[in-house]
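Shared chain: subunit A. Partners: subunit B in the first complex, subunit C in the second.
And then the complex of A and B:
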């Protein structure tokens, strides 16, 4: 269950940020969308809203919070599960509470406030979804948000990181039915994160050529993955010569989305927005280069035999 | 020289994708990005329209875009299991082309989301 940032801006009187530091990573989130704006339903703006920050350490975002809940590293899932138990009126064992770094009073207060809210929204960041428990943590938070709907309107939204990563999800879902971690190796899309996700594929050495665009894995991925990119023919499209370009066989310089390349980008709440480039680039766009690579591949014989995937299966 | 002004430009540096930025630019660079935060300002002001990098490189040597596209197509076509990865700092239009290419190649397709 999610919503747009416009709804949050106009309606949310109870806002939680879990495992993220928007003050430094999404600097205008508070002012433009969540905390500071006044609206018909929240005429006093910030005064009409409560913000709870949940994290393992204090960050700059703490200054904007009404309540800061500091939990022990790796205890997100436990905290979320206890919150769900409290919501259901179940007994919670005090030794389990003690492990989380919070008190039962703090967690009961969280639930009381959430239930009393007219419109609650939980934003969750990589501190939740990339630490111990990973997608189970996100699932627990989404379940809590869903269960709170027995009492009031409640939604949750991931705090998406750089640029148009939300657009990548949306476009892949639209075109293939899946958001990421896809293979077409049987001629139709299949989805299996862990098997088809890039770090796993590279670390296992399962791929024998790579096209990288809108990313610099050479600067961010684990070393064994980078080593494999250096072993195989890697092709990089990027406005700069990046770390990955240096280990690639082919680099093509492209224009910068939103600065010198036109197009569309998705906001984290999946609202598409048009880009208005201010500069004219001497370089082609990613779109043009990928299309031309695609056309060049199309002129070569197709990889799959004409009688389709069945032949492959029979081998 | 008077600067070219764009109202309600869109910043793609973070997931907020603020679409209320006022950009003041000349032919080569953006001089002002009003309403943008520190990260957004740095993003807009750090890029230029100059030809700072070679058009393309093949094995570290300068090449034309045509040559590089042909080389890229050959590498991808020759591979048994080609991978297309990234897709964050680019447009939806480029992402769509990338999906089409992965489909044609029978390859892998993945984004930052899987990290």
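And then the complex of A and C:
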């Protein structure tokens, strides 16, 4: 159950941010989409909306919230499960409630407000999806949103990271069926996030070379992964000098997408936006560099089979 | 240059029923003769024009969402291995883009119509369609719940509404217009639905689903789009919805329309317990009203994932099954939901759905007006079409399948009483010639001189499903793409679009509306021509009302005895 940001802007009178800090990570989110905008359906803008922030610590986003629910670290799944139980009118054990850092009153109030909303939207951030329980947490939140639809219109949407992460995600999905954590080592796409994600592959030292676009793993990944990147031939395409470009064997300076290179960026709600360059750049675009690498590779003898079985059945 | 010799030709567009003729191909089209080039010996084989799918979901935000929703499915699915000429990919319920092209072409289908494109994600849809190799494509943009359009209808501004539709078709680089649950999807944005044609629509005073349907059909006829309004009727999937469907058809008298996935709209009864097939009532009306075409939206037993722009129906499915539910509303245009689903013969509702799809195909007597579809992936995945062909061509096979149904289910359907068996000529009509004509694609679905050389060559054999699953050769635009079960070439496809005329002033009207309700700048909204893969702008039928679909002439006598199926 997701929707586009335009619908949140036009219709959402009840907004929850769960495990995200939009005031700092997505600075335009409040003003452009979720809180401040007036619309045909919400003529008074901010006054017509209620915003609840759920997090383990106070952040700058707290100042914008009507209600702040501070939960104990690692208790997202429990809170979500209790909320679902309250929604279904089931009895909730008070000792479980006590562990979450919230009171039963707070959680009942959350559900009452959610049910009374005309259009509710929950945004969930890295704080929810990357902590203990990972996809269990997101699944519980999505289920809660689905169940709230028995009472009112309710949607949920992940808050993605920086850059065009969503775009990469969308394209990998249509070409391979999976968003990330993919290997092609058997000639077709296979998915296993804990095994084939970039960080896992690097930490295990399973790669002979790395080509890095639009990311700076040297700044964020654990040291063993960074050490491996420094060991192998690493090629970085980036407009700027980054942590990764400093340790790379080759750094190709490219033009900046959206400023001097055209292209498409996918917004976090998967709506594609065309990037129209305002400036000319002396540097090639990422696309051009990759195309030329591909052409150079194609001139080498083929390592791939010319023919062979068209398909196989996986087991 | 290619010459195909000795094959038995089934070419309904040209009235050829099994005669042995040679086909000559040059420059991607059929020509009267060629000198030199390759010769394909098709002696004893059966030749069809390439398949045309009038209603499928293969590209865009919703099917891509379905791919992500069903990763567990990918582990027990067909995998395409990368070779020098072929990209890797996965089959399954929502195949990846490259696999979609290989699977359709591998079965002999060469043209598809992506039936539901929200304007806002049109750019995404076109980017995916570029990654579907071999196939030519058209797409239908969703308009019936567009708030700017509905506001204009509410205000009685018909001419301006027409300009808004025309502008959107061009901006989305679409070929046709799809209407999904008119009025109901707009209401669903508030968690409501609009089920009957005279129901008021939440948020509006004067317009009803009936107003929207009638006005939109009129606009599309007046704009002269080659494909009529592509309509997903209100009240999809609900017991007793036959009355909504019949009312809708009556409302459309005098207008062209294509009614999508009719199976989901032909149920009697009052609730899930009393649900029964109402295909006989629908077919009876449809048979006597030649202004309409339809596609079956047939259901096969087994796993699939349902994905539609009809949020209310998806929500109902979720309540019925309690399974994973995804809902993707696109601002200002439509909604869309996704649920993995298994159709089971032990389930009464599923049994009726299975029967209704086949009944409609068998009771509607004009193969030029009903086409093979499963509303992929909703009723079944497209790569299961050969199973449906077998069901249509063999009464005995249908009887075998019906033994799996409960006695109660058998009382609620009419399938056991229908002994019609499709001929090869009729199969070629419902899979190719008919849908091509309904789409207004004059160069498709035909083996005549000047038509695109899209050809399927089958080795004749008794196992119908096997024969239709594994063509010996498939040619697309005169190029051999499939031979002996292997992909031989993966040419890029084309995209057909139309440019209906509109008053350019409409842009200054639309721009402030965008500033008001959209979150994308007006200038960023239209899809640029260079985003499309080999765009081909087709003519609108200007200045005259487009003619209704051609109806069946009597089937010409089959030229040979053929295999007894």
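Rule of thumb we're sticking to: the second predicted complex is superposed on the first by the 304 of 315 C-alpha atoms of A that agree within 3 Å, B and C clash if a C-alpha of one lies under 4 Å from a C-alpha of the other, contacts with A are read in each partner's own complex, and residues count from 1 in each chain.
To be clear about the criterion, a contact is a pair of C-beta atoms (placed from the backbone, for glycine too) under 8 Å apart; a residue touches a chain by one contact, two chains touch by 3 or more.
Predicted model only: the values in this text are computed from it and were never measured.
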{"item": "Fit or clash - subunit C, subunit B, common subunit A", "value": "fit"}
{"item": "Which superposed partner A:152 touches (first subunit B, second subunit C, both, neither)", "value": "second"}
{"item": "Subunit B or subunit C, by number of subunit A residues touched", "value": "B"}
{"item": "Angle at subunit A between subunit B and subunit C, C-alpha centres, nearest 10 degrees", "value": "90"}
{"item": "Touching partner for A:10 - first (subunit B), second (subunit C), both, neither", "value": "second"}
{"item": "Which of subunit B and subunit C A:240 touches, first, second, both or neither", "value": "first"}
{"item": "Touched partner set for A:273, first subunit B, second subunit C, both or neither", "value": "both"}
{"item": "First, second, both or neither for A:177, with subunit B first and subunit C second", "value": "second"}
{"item": "Which superposed partner A:39 touches (first subunit B, second subunit C, both, neither)", "value": "second"}
{"item": "Touched partner set for A:250, first subunit B, second subunit C, both or neither", "value": "first"}
{"item": "Minimum distance between Cα atoms of subunit B and subunit C in the superposition (Å)", "value": "6"}
{"item": "Interface residues of subunit A shared between complexes with subunit B and subunit C", "value": "32-33, 170-171, 175-176, 179, 184, 186-187, 189, 264, 266, 271-274, 276, 302, 304"}
{"item": "Subunit C residues within the subunit A interface of the complex", "value": "59, 61, 64-65, 67-68, 71, 74-92, 94, 96-98, 102, 120-121, 123-124, 127-128, 131, 188-191, 315, 318-319, 325-332, 335, 337, 485-487, 516-520, 524, 528"}
{"item": "List of subunit B residues in touch with subunit A within their complex", "value": "4, 6, 8-20, 23, 25, 27-30, 37-40, 43-44, 47-51, 53-59, 65, 68-73, 75-115"}
{"item": "Of all residues in subunit A, those that touch subunit C in their complex", "value": "1-7, 9-11, 32-33, 39-40, 118-119, 146, 149-150, 152-153, 155, 170-171, 173-179, 184, 186-189, 191, 264, 266, 270-274, 276, 302, 304-315"}
{"item": "Contact footprint of subunit B on subunit A as seen in their complex", "value": "25-29, 32-33, 130, 159-172, 175-176, 179-187, 189, 193, 196-199, 201-202, 206-215, 217, 220, 232-233, 235, 239-241, 245, 248-253, 256-268, 271-276, 278-287, 289-294, 296-298, 300, 302-304"}
